[in-house]
Amino acid sequence: MPKLSYLKALHRALGDEMDRDPDVFVLGEDMKFALTNVTAGFLDRFGPSRVLEMPLTEQGFTNFATGAAMAGKRPVVEFQIPFLLLLVFEQITNQANKFRLMSGGQLSVPATYLCPAAGWRAAWGAQHSDQPYSLFAHMGVKTVLPATPTDAYGLLVSAIRDDDPVVFFGPIATMGVREDVDYATLGPVPLGVGRVHRPGDDVTVVAVGHLVHDALAVADELAGEASVEVFDPRSVYPFDWAGLAASLEKTGRLVVIDDSNRSCGLGGEILATAAEEMRLVAPPKRVTRPDGAMVGASPELDVALQPTRQQLAEAVRRVLKS
Amino acid sequence: MTDPVDLYRTIRYIRRFEERAIELVTAGEIASGIHPCIGQEAVGVGVCANLTADDIVLSSHRGHGHLLAKGCDPALVMAEMCGRVTGIDKGRGGSFHPSDLRANVYNATGTVGHGAAIAAGIAFTCRPGQVVVNFFGDGAVTQGALLEGFNLASLLRLPVVYVCENNGYATTLPVGTAVAGSITGRGEAFGIPSSTVDGQDVEVVMAAAREAVRRARDGGGPTLLEFTTYRYYGHHTFELKARLRYRTQDEIDRWRERDPLDIQAARVPADVRAEVDARIEAELDEVVAFAVGSPRPDPVAALDYMYTDGPRARAGVAGDA
Amino acid sequence: MPKLSYLKALHRALGDEMDRDPDVFVLGEDMKFALTNVTAGFLDRFGPSRVLEMPLTEQGFTNFATGAAMAGKRPVVEFQIPFLLLLVFEQITNQANKFRLMSGGQLSVPATYLCPAAGWRAAWGAQHSDQPYSLFAHMGVKTVLPATPTDAYGLLVSAIRDDDPVVFFGPIATMGVREDVDYATLGPVPLGVGRVHRPGDDVTVVAVGHLVHDALAVADELAGEASVEVFDPRSVYPFDWAGLAASLEKTGRLVVIDDSNRSCGLGGEILATAAEEMRLVAPPKRVTRPDGAMVGASPELDVALQPTRQQLAEAVRRVLKS
Amino acid sequence: MTDPVDLYRTIRYIRRFEERAIELVTAGEIASGIHPCIGQEAVGVGVCANLTADDIVLSSHRGHGHLLAKGCDPALVMAEMCGRVTGIDKGRGGSFHPSDLRANVYNATGTVGHGAAIAAGIAFTCRPGQVVVNFFGDGAVTQGALLEGFNLASLLRLPVVYVCENNGYATTLPVGTAVAGSITGRGEAFGIPSSTVDGQDVEVVMAAAREAVRRARDGGGPTLLEFTTYRYYGHHTFELKARLRYRTQDEIDRWRERDPLDIQAARVPADVRAEVDARIEAELDEVVAFAVGSPRPDPVAALDYMYTDGPRARAGVAGDA
């Protein structure tokens, strides 16, 4: 079977949707030369009226997408750097995401915000390496963070077809991930539905984004000691609480590995909801970035600020002991 | 809708509609208070006189006049201002951020100035000949996001007419102390034809807008029209209680001498006016009765309309969702 | 003793700091006429060079404050509406708050962002009633949310004197709260130090902002049934984890009432940290706004979207039973 | 620093400094890669020639030239680019966002265009006669926040010189397709004297900047100078690997015919140049040796410098903080 990379999956998903639905169009910076490669060849394939080159005007073109979406189009807005989603935070969370309610359901804003470059950029400086997905979850914006090429394909398709704003985070660290796929089986993956990558009985490890692959490696490494279930929610918001509850019914033990900042991050939300509403026989643990981590200053420091397999293995061992 | 009597009727209607609304604010029926456009009616009326039902308006927080001029049902607009489920937005938009797709009035964002790029995005989807009008104030031109919208509209040569209602103030801030250079200069910087026009005479407004609308219809791209105008009642009805000293009574009186309603009234025979006025009063009695008589939203519906589909938001306490 | 209102406390704290330190200045919209009343009379008292009237240019004047702060001033930037802090989210979290690290400690940014109007505004529309403090905590920006006039005075003073950016949230619902104070005793309150408003043995209720007053009322109401400790962290970030741990050592039971959105909010962070690191003899509970709540559309709906005393009392009873 | 030889020396130094830096990128010593300013050196040198040690520079992501022209220690700058603790920012700023208060060079923000208002804020604190220069590119003028900065600088009549290095591209985007209207028109819209000047001849740059700096020193407020220039090496060193077809070799060659180094070299006798060049090479050997020989940051210090005081951030795992 052919190998599909995560980046190619994004390219294919967007292209397929643009083939399928003439209302879908893409806009962003350096579109013409497809700097991120997501839109490679799209200008020739779909023409300049559906591949819009935008100036260095993020708030402007995010609002532009909102207008086009209210009027019936399905814009996909590409952001090359995660902090650009902070720059347009108000436009997405306080405008695009609220207009449907404010209009009493008259209109919707089917816009997709695609960041195919979330997370660490070595030495680019502390402003370029954030993982702001928890912020969008807090504001109630649909947010996805797929880990594999198949899920990236399926969730980008679903995000584009969704009638509400959806933020799609593709971690830099996953862009090269490759997977054997039968193209015929590629299809939409529903928002808010997680996936058990590896079943287990002793402890549930919730991992998101590129850390899913680290969690699987740690699960293998610990195979002799314990049976680890690896659960990937795939969507940050809405979150698959039922899927998590089902896993905890079985294991009763929880460790989360999450690349977002610790305080008020996704990892905390998962621990909180589990502690409040689900079966836990031992105190849960999370492995995250530090509070308000500033990643990107220099490679040596950056590595120390991101969750590691060793930290996860250690946390799993502790949770199993307690 | 360019006949002098029609223009008079619409201005008069908006004037009396908002005067009745102010009564409802005082009576506690409009919880938000309102941003009255009284004194500025000629701008919305003169601009919208050039629009068809097919054309699109993106309004501002001071938008009641725009909505009525564009053809929204006054009863449903008043009901919306009163937060009733019969309102154009089922009571979820309120006075500040109304939208009414039946009349092609899109969501007025609360983020001042950001409508400019939203309007550009809507214009990007327009059929040939269809036009988008975006209303905003003098304060909006100091918001960078508005200028980003100008750049996009000009680059893509979009059919947008940008209408700046320069009423001299952003809340308490005089335009002269907020805007370095000029408002029209901001349009020209982006290659957008821009001009300053008297906003008190509806026929002057209509003529200036006609040209801009034609340019947009013909694929000539955006235009910026700055209309000089004035709001008699202050920024928001809270000024009825809290007297702010940012302007003098003398200034208000001078502007009232060029009242848009008087100016247009002078072009309509007294007997015709009497008839028009009487009908408006009768209609407004029904409008107010409908609004005040309509039901308020049911708290159990508080999470409705948040999302088109998918799971509903979790409630604020576990268990009950 | 004279009664001091929360609003007057802000006015007094800012005025005292401007008297004490000539580098402190205030900027924002409608300063000249002190629309929020925080700066009432300041223009005459301190002159236009220290009370800067700003146009409708939030990102511009937030960056302006960053520049002035880097150069040694202590700007206090006022925001009249909470969503304006979303509009400048990138300027505060990704610029002002990171420049110290990026400069290797050469410079700091002692700016204070004062929102004396956080939370619900009846019927102003869904864009004007947010409580975005959890977002700043996630990004590691020092954030305070005092509940009483004395704490408002003390934390505004400390925020202004702090050498890092600090966001100050004053809930609309607290502006009218009045307290008997001896002006002589008014003084700085340290960031990151909480306060036990009412000691108790059976359950710890963590309440923030205006909800502290509701929590105290509920504690009274439940006095017959249980001994409720009411803990007010006062700072959202840094959080007084030691203070919370001490309270839970005693009670072992936790309920949080928090006006922020549920998912990835402060309430969740408190439950998560307690579940992971502290003594809990029963599952904790939180009373919050719903996920991604859109408050402000209409009074009837808004009330249903904000935490209530009944919800808190019910949660406390459940936690005591379990 | 206005003598032709000094100007030549600084341009030559920047050119060779970056050529050596590119070698270090290839060698893996500069992990971020760099945004070379090679081809644009005359702008930073000509502008900074008018500044005193007391004046302040706010640079951009393409800032090595600005730093050296303002008098930063090249060894410490190179060490910073290599992420070493001996760097101007202890290895926390890197190549893209350097600051060096010893030379009055403030933090270059990574958010393109946002330096304009930061510069205004710094200028607000300036002593009479002190000046702030903010460098940015042609792409920055399409960022609304930059225009908000123009408005504030003009309203408050602040001593800022805005220097736009128009090198024709924002990454791959040609300025003509990004900027509706003109760059100088954006300055004029805010009442800021604005002009377009050749950026390849350092003496022309210096003369244009002299006037702007004098205006700022004398309390005349901000100026916008747009310098037309060009970067030979592309946006970032990643273009050394990934050949992007957004410009032609022919275009690059035509710009090289007006190379700022050649233009200034022609004003300096060959023997003098030979001596200058030799000394630069010797110095750069030491600069590179110092940078590469310096220690990298210790991971245990990853949370240092985040806050001035108060509790440290919690670690990513409970227990060990």
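Side notes on the structure shown:
Each chain carries a letter (A, B, C and D) given by its place in the written order, and its residues are counted from 1.
Operating definition for what follows: a contact is a pair of C-beta atoms (placed from the backbone, for glycine too) under 8 Å apart; a residue touches a chain by one contact, two chains touch by 3 or more.
Just so it is clear, the structure is predicted and the values come from calculations on it, not from any experiment.
The chain with its Cα centre farthest from the Cα centre of chain A is B.
With centres taken as mean Cα positions, chain D sits 39 Å from chain C.
Each chain gets one centre point, the mean of its Cα atoms, and the points for chain A and chain C are 30 Å apart.
Averaging Cα coordinates per chain places chain B and chain C 35 Å apart. For chain D, the set of residues touching two or more other chains reads 91-93, 97, 109-111, 142-145, 148, 151, 155, 177-179, 306, 313-314, 318.
With touch defined as above, residues shared between interfaces to two or more other chains in chain A number as follows: 55, 57, 59-60, 83, 87, 90, 94-95, 101-102, 125-127, 140, 238, 263, 276-277, 285-286, 291-294, 297. Viewed as a network of touching protein chains, the structure reduces to a complete graph with every chain in contact with every other.
By the touch criterion stated above, chain C contacts chain A in their complex at residues 83, 86-87, 89-90, 93-95, 97-98, 101-102, 125-127, 130, 134-135, 137-141, 237-239, 260-261, 263-277, 280, 283-286, 291-294, 297.
In the complex of the two chains, the chain B residues touching chain A come out as 56, 58, 87-93, 97, 99-101, 106-107, 109-111, 114, 116-126, 144-145, 148-149, 151-152, 155, 304-311, 313-314, 318.
Chain A meets chain B in the complex at residues 54-55, 57, 59-73, 75, 90-91, 94-95, 99-108, 140, 142, 162-164, 191-192, 238, 241, 276-277.
The touching residues of chain B, counted against chain C in their complex, run 30-32, 83, 91-97, 109-113, 139-140, 142-144, 170-173, 177-179, 244-246, 296-303, 306, 313-318. For chain A in complex with chain D, the residues that touch the partner chain are 29-30, 32-33, 35, 53, 55-57, 59-60, 83, 87, 121-128, 262-263, 285-294, 297-307, 311, 314-315.
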